[in-house]
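When the chains are written out, they are named A, B, C, D, E, F, G and H in that same order, and each has its own residue count from 1.
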Amino acid sequence: MQLIVNGAEIPEVSARNVAELLRELGYVEHAGETPPHLAVAVNRELVRRAEYAAHELSADDEVEVLAPMAGG
Amino acid sequence: MSEEMITTSWTLAGKTLSSRLLLGTARYPSPAALAASVRASGTGVVTVSLRRETGGGGDGRRFFDFLRQLDVAILPNTAGCRSAKEAVTTAMMAREVFDTPWIKLEVIGDDFTLQPDPFGLVDAAQILVRDGFEVFPYMTDDLVVAQRLVEVGCKILMPWGAPIGSGRGLANPEALRAFRLRFPEQTLVVDAGIGRPSHAAQAMELGFDGVLLNTAVAVAHDPVKMAGAFGEAVRAGRHGFEAGMMATRVKAEASTPVVGAPFRGHLRVD
Amino acid sequence: MSEEMITTSWTLAGKTLSSRLLLGTARYPSPAALAASVRASGTGVVTVSLRRETGGGGDGRRFFDFLRQLDVAILPNTAGCRSAKEAVTTAMMAREVFDTPWIKLEVIGDDFTLQPDPFGLVDAAQILVRDGFEVFPYMTDDLVVAQRLVEVGCKILMPWGAPIGSGRGLANPEALRAFRLRFPEQTLVVDAGIGRPSHAAQAMELGFDGVLLNTAVAVAHDPVKMAGAFGEAVRAGRHGFEAGMMATRVKAEASTPVVGAPFRGHLRVD
Amino acid sequence: MQLIVNGAEIPEVSARNVAELLRELGYVEHAGETPPHLAVAVNRELVRRAEYAAHELSADDEVEVLAPMAGG
Amino acid sequence: MSEEMITTSWTLAGKTLSSRLLLGTARYPSPAALAASVRASGTGVVTVSLRRETGGGGDGRRFFDFLRQLDVAILPNTAGCRSAKEAVTTAMMAREVFDTPWIKLEVIGDDFTLQPDPFGLVDAAQILVRDGFEVFPYMTDDLVVAQRLVEVGCKILMPWGAPIGSGRGLANPEALRAFRLRFPEQTLVVDAGIGRPSHAAQAMELGFDGVLLNTAVAVAHDPVKMAGAFGEAVRAGRHGFEAGMMATRVKAEASTPVVGAPFRGHLRVD
Amino acid sequence: MSEEMITTSWTLAGKTLSSRLLLGTARYPSPAALAASVRASGTGVVTVSLRRETGGGGDGRRFFDFLRQLDVAILPNTAGCRSAKEAVTTAMMAREVFDTPWIKLEVIGDDFTLQPDPFGLVDAAQILVRDGFEVFPYMTDDLVVAQRLVEVGCKILMPWGAPIGSGRGLANPEALRAFRLRFPEQTLVVDAGIGRPSHAAQAMELGFDGVLLNTAVAVAHDPVKMAGAFGEAVRAGRHGFEAGMMATRVKAEASTPVVGAPFRGHLRVD
Amino acid sequence: MQLIVNGAEIPEVSARNVAELLRELGYVEHAGETPPHLAVAVNRELVRRAEYAAHELSADDEVEVLAPMAGG
Amino acid sequence: MQLIVNGAEIPEVSARNVAELLRELGYVEHAGETPPHLAVAVNRELVRRAEYAAHELSADDEVEVLAPMAGG
């Protein structure tokens, strides 16, 4: 399954939900971790931490994984 | 007396603060300089942003931990968003990360001036207020847009002084003066365009409740000292406003009284 | 860090001072308000005048005793003098009373603007410097007059910001900027015309060494708070100058970095 | 002897010098006192305290007796 | 050369005009003063309004006949309208009366500043453009609103200089400068806030295509002479813009060349 | 009406002139451009200088002949002089060449700002007035220096707007306003610092009798068109002054009357 | 029939259309005249001159009759 | 005789007065001419045209010969 993560196409993703995706892409070590500094949106809708495992991914979903940065 | 003044507190969106300066966290030479600037400024609120995090990258986590140790309130922004939809999603993601309903709402409408888009701004504000956010809208000095924002539930308004990062100060002070007159109940913060401490003082003298700035501190030769300077300037301007400033006069008026001046023509006393 | 800044001292005519604000003593609602304002401002120098004393009257003595308890340096003026001769005699009388070589030299040349007379000023300054005075000349922003004053021995120059008591702020900031460029070695103080804390901060941002004011504090609704405001403003402006202020830009420039902004067009990664 | 003191004509003065004048006009109780808050000029020239007694007055001298006042 | 300049024509919404001044018709001391002012100004376009006519009353008819004899183009306004709907209906009624597709579109959003409502303005402009009107939108100096107006088909933009009738001149010249940069293809007219001929010249020097004003002429002591003054000022500013103005310098630069100045140190020639 | 205005004449030092613009002759791209600019401007007075002439060289003679054919009054200057003595001698030489008692008196006191030296200026003016000259003193905006110049016999005063060649416009308009108030009988001309037509109009609106400029025309892309622009600007400003300008208001005020506005709440009529 | 004309209630109107109303209220002498300086709106919609006779009025209609005036 | 003319030293001048000097230095063809565009000062004092012949020169005199130029 191909996804677009942070604007880049990732051609072969095996993760079926957000929790697995975060582990597959190295954001966490174990599926199920919910790092407090991350926020995830799929197709421009927030996915809350509690829903990482429940939120299933579809091909061509656009995923944003954001974290804090300096800002004005 | 002056010590008491310095510790006078105010309330921003329900939070009690001692300083009326809000400080951005971008463009500092180092995290250490940022941390020292925050402390030197006396601010109780810093703005931050959200950006794409790489898997395995730890930048975001480090900055997240860094922010926590600053021990100040976090005001996340939606910088870079160009539509109401983007801004709303970013706001929701920011709430997830920072666990705060506060959001500095930016919806940019023009690349040259980084001017906020009044249409997208009102739309996004309406959605966010309904969803429980405390919206800090970054806006122009347009009174009608401000009225709309108030109508959709904003209690805070943040008109710009001048385009972001321009450092020009208050491009249209009369427009800001009208803001204060028109919105006596709202919390008013000048956001963007401030380049010098005197600009910040001037904004406060107009009766604004606070000033938000970033570049003027971050790119100074000595950001930490500049942060302190802005902290003082905001206090100076606020105290000036509270103390009731003199009216401007066209004609000069001696401060030293003229009665009893020596060497003047003499009166005959019999 | 910020505490250190606040205690940074400077030297005015050989005297070490912590504040760069010089404060006039006229027009306060009461001696108590004056005393509290002096303390709240943090100033180390106050200006005073001499006036005719009636036999049996104790006003002068009371004010003399009052000044001593303020524990600040006294800078007597020659306010109201309209010729070099009057100013010189007044200066000598002031030295007799206050036991100080300091003199704020005023020779007024125009009733409407209370503008100093450059001709009488230079003449009086020359006589007084030769006689051992430390002359603080109240002057316009005329560079050639300044050069003459330096030539006759003045180490301090006090150009006006605007006419006395007008509260208009810096009428010609470029002229004051030129002063700083032309006289890098002299002590420069903006004297007169300051109405608001932001005006004082602006003067200091131009690199001036100090600011002298009176009316803006004395006629404020709350002079004591205003005195504190000006003390802060002078510090803010000085620290801003020392910290190296950002250059002004015509175009806006984002403070929040644009790299990594979410929701932007995606790149193909193979 | 007539003097002009602080701009006002005083028609009949018996004091012969500044020290006596200050007493006669009530500035001091005893001739010889030199109050630190006063400064005296005669004909637009300062008379120092040490010279109060020595400085003799002439008819129509213009005398200024000044003291501190608030100033800007 | 200078005569040619004066007759240089331009095109406003398809109409060839010799003057870049547009003049309002309200508040003159008399119809005769208005007619003489229109002639003295050289304008080719006047703004007018529609108001309720009483049955049997002839005011409207008299003014209608008066306008025809002025022999200038008529630009009806929608002054006083507070919603897009009102403005659209008024525009249609104006077209019925004046037989012109031109409409100065005003949708007022704030009573204190008489600021235009950007939301109602864009809505009304969209409807009117689709219905064949040539819309002259009276607006603030908001670039994003301007962009929206262009998107809905406006070819002319009329940002204010300052609030109507305030006579303050250009409150934010940098914002107007940005307008010219952002909208090189649109016809730009400064509308409202002009108080003095120099204000009108300044607007034209920024590269604006025209200036619309009313109060500054109508309430002058001598409206006819003032009308002439504004006609000249608009030409002066336009010609200054076209002639390419000098850059501003910080340092003085002699106009009279210094080479060959007399009484200078002599060179040895062998 | 407007044609009459344009031909209204005034008197400068006994000479009747139609234009209130005085024009410098330096820095033009060519003599032809200078001649065309003089004509396009409408000026009746040009300033010139004296410089060392080489034996056998014909530059001076050619320029002399060129000036005669311009058919305008000549106002020689003492540009580059740094002492009263130099200026006096140069003035006398200028009178010998140009056969006129008029002299623009310049005594420069500062290299950075090319500021006039008030001391040398007054000394030279006194000598020249006694010798029969009509002195046009180039000066700062110092009222006391102006008073001295009037006392030594000057009937014309020419304060600067800003440093020569800076093009910054009126650095201190309030000071110039005070000039007009203080010297209602003298002929007042703003000399130096004018960069744009609007600056010239502003000077005239303050009630000045004329404007003298050079660089702004000579270095324009199209000097001839710019000369025309300044001619118009000076007329515009003068006519604005004469016509009685409106007072500035803080609050907006509708130009279109509000009585009879359509779509307003209806009154019951029985 | 009652109408609101230019914001004022007119209680007894007999005119059935705009053309008759203009005559009844004295704007024109004869129904059918269409003065070029007038514009009419009913319930905030323009009624063009050609439709004066055809546009029938209903009770409580809001009519605006406007004419040129000075404006800025 | 040496003179300083327009700031430059001229070592061997034979002219004895201003009229001769102007001819010697090529300002005029014949001594006695008084070109209207020239003005002459000797030692910072104007020498009027009528005095060119009468004004005798001394060694080291500083002579200025000026003519019109563009000015502001």
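In this text, a residue touches a chain if its C-beta (ideal position, glycine included) is under 8 Å from a C-beta of that chain, and two chains touch if they have at least 3 such contacts.
Please read all numbers here as calculations on a predicted model, not as lab measurements.
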Checklist entry - Across the interfaces E-G and B-C, which one involves more C-beta pairs in contact? => result B-C
Next on the checklist: Quick check for the class: compute each chain's Cα centroid; which one is farthest from the centroid of chain E?
Outcome noted: D
Next on the checklist: What's the farthest chain from chain B if centres are computed as the mean of the Cα atoms?
Outcome noted: H
Item to check | Euclidean distance of C-alpha centroids - chain E vs chain H, Å | outcome: 61
Checklist outcome for this item: Cα centroid separation, chain C vs chain F, in Å, comes to 35
Checklist outcome for this item: For the pair chain B and chain F, the C-alpha centroid-to-centroid distance in angstrom is 45
Item to check | Residues of chain A touching at least two other chains | outcome: 6-7, 41, 44, 64, 66, 69-72
Checklist entry - Residue numbers in chain F touching 2 or more other chains? => result 24, 26-27, 49-52, 77, 79, 86, 89-90, 112-113, 115, 164, 168, 174, 214-215, 250, 254-257, 260, 262-263
Next on the checklist: Considering only the defined contacts, which chain F positions touch chain H in the complex?
Outcome noted: 24-28, 34, 47-56, 59-61, 63-65, 67, 76-77, 79, 85-86, 89-90, 92-94, 96-98, 164, 214-215
Next on the checklist: If we count contacts the way the header does, which residues on chain B are in touch with chain D in the complex?
Outcome noted: 254-257, 260, 262-270
Checklist entry - In their shared complex, at which residues does chain B touch chain C? => result 1-2, 5, 24, 26-27, 36, 39-42, 49-52, 77, 79-81, 86, 89-90, 112-115, 163-168, 195-202, 205, 214-216, 218-233, 235-240, 242-263
Item to check | Partner chain B, residues of chain D touching it in the complex | outcome: 4, 6-11, 41, 44, 62, 64, 66, 69-72
Next on the checklist: For a test of understanding, state which residues of chain G touch chain E in their complex under the given definition.
Outcome noted: 6-7, 22, 25-27, 35-41, 44-46, 48-49, 64-72
